[in-house]
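Letters are used for the chains, namely A, B, C and D, taken in the order the chains are written, and counting of residues starts over at 1 for each.
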Amino acid sequence: MAKGLKVATIGGGSSYTPELIEGFIKRYDEFPLTELWLVDIEAGKEKLEIVGNLAKRMVEKAGLPIEVHLTLDREVALKDADFVTTQFRVGLLEARAKDERIPLKYDVLGQETNGPGGLFKGLRTIPVIIDICNDMERLCPDAWLINFTNPAGMVTEAVLRYTNIEKVIGLCNVPIGIEMGIAKLLEVEHERVHIDFAGLNHMVYGLDVYLDGVSVKEKVIDMLTNPENTSFVKNVKGLGWEPEFIRGLNALTCPYHNYYYKSREMLEKTKKEAEEKGTRAEVVLQLEKELFELYKDPNLNIKPPQLEERGGAYYSDAAVRLITSIYNDKRDIQPVNTRNNGAIASLPDDSAVEVSCIITKEGPKPISIGDLPVAVRGLVQQIKSFERISAEAAVTGDYDKAVLALSINPLTPSDTIAKQIVDEMMEAHKEHLPQFHQ
Amino acid sequence: MAKGLKVATIGGGSSYTPELIEGFIKRYDEFPLTELWLVDIEAGKEKLEIVGNLAKRMVEKAGLPIEVHLTLDREVALKDADFVTTQFRVGLLEARAKDERIPLKYDVLGQETNGPGGLFKGLRTIPVIIDICNDMERLCPDAWLINFTNPAGMVTEAVLRYTNIEKVIGLCNVPIGIEMGIAKLLEVEHERVHIDFAGLNHMVYGLDVYLDGVSVKEKVIDMLTNPENTSFVKNVKGLGWEPEFIRGLNALTCPYHNYYYKSREMLEKTKKEAEEKGTRAEVVLQLEKELFELYKDPNLNIKPPQLEERGGAYYSDAAVRLITSIYNDKRDIQPVNTRNNGAIASLPDDSAVEVSCIITKEGPKPISIGDLPVAVRGLVQQIKSFERISAEAAVTGDYDKAVLALSINPLTPSDTIAKQIVDEMMEAHKEHLPQFHQ
Amino acid sequence: MAKGLKVATIGGGSSYTPELIEGFIKRYDEFPLTELWLVDIEAGKEKLEIVGNLAKRMVEKAGLPIEVHLTLDREVALKDADFVTTQFRVGLLEARAKDERIPLKYDVLGQETNGPGGLFKGLRTIPVIIDICNDMERLCPDAWLINFTNPAGMVTEAVLRYTNIEKVIGLCNVPIGIEMGIAKLLEVEHERVHIDFAGLNHMVYGLDVYLDGVSVKEKVIDMLTNPENTSFVKNVKGLGWEPEFIRGLNALTCPYHNYYYKSREMLEKTKKEAEEKGTRAEVVLQLEKELFELYKDPNLNIKPPQLEERGGAYYSDAAVRLITSIYNDKRDIQPVNTRNNGAIASLPDDSAVEVSCIITKEGPKPISIGDLPVAVRGLVQQIKSFERISAEAAVTGDYDKAVLALSINPLTPSDTIAKQIVDEMMEAHKEHLPQFHQ
Amino acid sequence: MAKGLKVATIGGGSSYTPELIEGFIKRYDEFPLTELWLVDIEAGKEKLEIVGNLAKRMVEKAGLPIEVHLTLDREVALKDADFVTTQFRVGLLEARAKDERIPLKYDVLGQETNGPGGLFKGLRTIPVIIDICNDMERLCPDAWLINFTNPAGMVTEAVLRYTNIEKVIGLCNVPIGIEMGIAKLLEVEHERVHIDFAGLNHMVYGLDVYLDGVSVKEKVIDMLTNPENTSFVKNVKGLGWEPEFIRGLNALTCPYHNYYYKSREMLEKTKKEAEEKGTRAEVVLQLEKELFELYKDPNLNIKPPQLEERGGAYYSDAAVRLITSIYNDKRDIQPVNTRNNGAIASLPDDSAVEVSCIITKEGPKPISIGDLPVAVRGLVQQIKSFERISAEAAVTGDYDKAVLALSINPLTPSDTIAKQIVDEMMEAHKEHLPQFHQ
């Protein structure tokens, strides 16, 4: 580290990169980055150059001594890195489009993280992340791996179980989004609100809510179930929870819970949208095209506001916040995906969980929550089972395990339909699933 | 016990009673029953007399000195009993018909144990069983409560959590049925086959299979997934599992798993049957009418063979086998519903589980199984959550908890539909749900 | 709280009080105390007045608007308090002298926390603390109870198990003392050193050591076992650990570990000291007399430096630091005694443990440590067993449990000697053990 | 197994062998042994021949077709064995004499299983048992390893943790001895008494006692603490427990508990005996000489009654009973040392525990006991820690771990004395501790 701080970003050609750059610029005082290596694969070369050049212009405008390197050589990028961030997408958005379209044919939600889409994204991604970890072991064994790539829970689980990299953190913007939503509901500054989070990635619950350190959970639950707040809640939560359900649960849900506690409505909605305006991947594909056109503009030297529409708000910002807290041993509380280590009683100690942690220079230390509320313990366990069997299938290339993983997923209506979807998706993603096609 | 062995059977007017009688007659040598008290409520008086008189004729034919008493006075029946068995049905088959019909209107399976039907059967049954337990505490504190009444897992959970009765066992014929099916598949005597069972009531898995004490699980899984055995397997299992699913699972399923791993097909099938020949309750209602006509025949003094069609084969027989093993401290292995006590790692120590136990005079002692296979751990946990929240709703009359219980049930497609079903069923079963209508 | 912040200090006549006052004065900016109520019993009236008047002079000198009240009426003191601190000593130092002397007759260490002395201090103290908790429930149900009274682990355990007060924290200066010692060893500022603590009160281990957030455990263990550091280590640790032992343990010990890992040497040393200069209590009795003489001086308006010799350095300071962090929702890390809640795997969830916690306005939240190192897990479990049985004896007055508690204590060489000591101490402390003498 | 049943006995030249032979002869009907291979090392050749020839005469007298083979070639003996029993003693009784004598010099009990003696016996034995397991993996991978060699708990732990042999059972005669003692106390046949055992080898507790299946624990505890039974109890238990201690404990102890709950008295007694008549090893050395003289008699063809004085009554018999139950899938209950698997809550799942198990053809399945009583949980955990660190030291040859193991042992008064004892014993046993002397 003599020569300064080095970050390597795998999938550096992503349209998200300007946000990451903005994050590094904003927090430069606390995190004096020296070298940022944006690395991508041959097929992403053109995008890498477009977004990389924008990155360089942004840094130049900020007047900061950060070197931005663009490369297709992952080893060079990883060598002696202090932090590695991953935001790549095996098979690009075209693959996601298939993840969404194919299950819909069977009247099943694709769901890109904990559904059939997530399974196949995991099957494509996990072998690559394991490769990266093996490289890291040789080239930068002390680096932290900050993974944004979805399904972030499954990927973190796979790194913990199937590689020697222990310094891994999975990151998601969902918890911070919930906190900001609640702050808005309470009409207070975000900084004054704190939520105890526990669960899994995209399956996380807010177990308590504090305003200036004092629990206001009861009040928040009241507000969320008050018919007069309906319009707000509908807006925040999507489809609107039944007050009885939320009062009975006595915990805050995350937007992804709609897939599990509102499966039928979500299926209808998703089918309708897919028909009318395309699946999310298809919409984003178009958005990305437009973004890259903007990025090409040699006069553009800031993050264009249109990027916010792309989704993933706060994502890269959250990442830089996390990195900064590690680097400075800040000991603040952030919800991240890390090894459970007993923090959530009924989940395995060695599994990845998403939980409020103290962020130290030695990594996140989870706050002990005891056990999850009875009502949510089952679904969380089920998604963990799904993640574990999926990761196992990804690593072993065991076809039976892939069918099993999808059969036990709560979104799948039967083993037979699971098998049909797996068969069709295995074929459609053949190119990116070498472990199943030998 | 000075004067002999006394058994009290709550719901003695049930059409099943002749099977129970047959069980006591067959095992009289080992279990010298002195007094059998069949007790029922006013509304069941006529049936009690019909079936009670048949019981008396059966005992007389067997030439055994068992006194059969018919009574509407539960306290007299319970007084100093050694065993209490429960086979009552609050609201009779008419209530079950509603449990099945109403959810179907919402395209949801009724499922009389772990679905909406099970929730409402639990809400009706649990307050009564708690009453019985309170009576037992006063009148026969040393008696064993052998509960057949469904949902047996939820009812056992409620007894363990909300009464002072510790000597309670929930009983089901599903495990023994699986064992007999596997024996048939292997073409050997039932006695030579042994299965390690673990899970919950109607959510139990066979974790290993032994023939003459040697594991033949691999062979059995092969046979179950061999296309040549398909016809057998279809027959045993209902709809036929995908071989990949079963190989991946590497455990034996129970017939009720069809509801969870084949939800869509089961829904279609159930709707079709309901339309064409009525729901199961409606079919059974007719069967029962015919059975009671038979029972009236003063010349009938054996269990009529038609009873077998009624379903519940081995049920009462299993009960008498269990009672006999307790009475004689037999220390044989039987799968029953009992306090977990650490036998299944990720389930609460103080919850009811269905697991292979040693049956001693002091009750069942579960065999430690460590943890369930990863793939099934989640669904089992989820059903346990459902059972616990349902039991809580039954005891407290908390409407929010009833909606919550149904919302987290894997058969329910959304909180909104859960609420609609709960609303309609609360109204339909009003008479039997005083705790919600005060 | 409208009128400001109120603290009630039970045992306010203690010689420690000036340190507590100093702490409140130093941290007034962060913790604007309005009323401090020093409460004591009739027998302590004189001391209360002496020390209370010193307290008033200290506050006056500091020029702060803190009202200091002296009272014998606990109820008045507790009414609407925000924090309650306890530093009382049932039976005064005379009782402690017996706790030390009597066991020595049997060649057994008295050990005022986790030995025979601790057992009897617990038996005397726990009924009083339970009384206080019952008062708090009525008079200040939202207050935090900060307990300094030893045996702090056993007392916290008793409050958690036998009262309705959940807002209780046990406090000890041992962990902070270790941290300061290690900072000195490393020749750095205390602020730069952080230790992960886990275990029980007076049985706590440092599992990792960080300098500026980076683990330096290996280096510290090397230094502690380096013969060249011997003089330092001897000084810090008392008798000097064998390097093999510390390297094998691979964790930091606390001074009280000398009692368990150096029992024989400690016994010899303690006997010799008792003979030559009296037991610790006897020495302190003299010291206290001198202190109170000083306190009487109407010109004294600061904490006299001689108090430091009394021992308990940082104690009250640590308490005010803790209170300030709660009050301000500081979210810093402090090791305290609190409900385990799964933070240490092999100890009960509902037991008190001493562990690094985040201190929030809602109290301490333990950091999940997984499990203790194998080598220490047993001794910690054993002391926890001792604490639990002792607390049970204190609450129930069950003589058998008192003998059992002492018999299982690692300092006790046999059940027979345990019984002899219990018998003699029961008699000697008769006046303060009404629960055993009815 | 085509040609019949083969048993290999490592340490076949032991004086115990005639008891084992008697066991096989008595149970031949149930366990039709074909070949018994007695194997020993070069140094034990003479004894092997003497006792082996007696074994042959015993079999001949019994008129059974069991071939008895004597060999120094372990591989030939293990090849295709169905059961392997181990009763060897590395360093012979001379080594045990040192295990006993050296600690006494430091006023520390030797204790051949869970004390310093046990540590060194483990250090000598574990490398050999691991060798045997490695041979078994190649030569008889389906065989059961029935280990009698002490320290049986530590050895079983080492096999479970450091070899691939899963089919291992540690065996001890202590539980059966307790059961027989209680039967005698109750003046009933042994068959009518059953005890629930749980704990570790030589650290096992009887948690409940049944007579004809009904708990009589209260009555037994009463009898054990009744002064009128004192003489009986003294006789059974050695030194006599204090009634308060036993009532408080509310569980049955084992004779080895004297070492922990009566350390001082045991030390005095052991020192006195060592002085007056030699340590146990020295006494046994003489006894063994006499036994082997007897064994040489060509007319002797039964187990000579003098063997009973040697100690270890029921040991081999217990072994054959266990083997017979496995072979015949008897599903009876026997207390053995096996993988915990959650049966005892606060001990690791993958550690060896001594617990009541169902003995099946697939091995022992532990009965779930929940958790140990609070009062014993600590000491059991501590001995488990000692066993684990000792096994680790034995496998790694890590000197620090050996000092650590002894330092945490409850019989050791300090780390310094631990180190002194380890130093002297390392030297004394040098020949048998190659892992520490490289």
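The working rule: a contact is a pair of C-beta atoms (placed from the backbone, for glycine too) under 8 Å apart; a residue touches a chain by one contact, two chains touch by 3 or more.
All values reported here derive from a predicted model rather than from experimental measurement.
Seen from the Cα centre of chain C, the chain whose own Cα centre is farthest off is B.
Interface comparison, B-D versus C-D: the pair with the greater number of contacting C-beta pairs is C-D.
Chain centres here are Cα averages; for chain C and chain D they lie 44 Å apart.
Multi-chain contact residues of chain D (touching two or more other chains) are absent.
In terms of which chains touch, the assembly is arranged as a closed ring, every chain touching its two neighbours and no others. Within the complex formed with chain A, the residues of chain C that make contact are 208, 210, 212-215, 329, 331-333, 340-345, 349, 358, 360-362, 365-371.
On the side of chain D, the complex with chain C involves touching residues 241-242, 244-245, 247-249, 261-265, 346, 374-379, 381-386, 388-389, 398-401, 403-405, 407-408, 410, 413-419.
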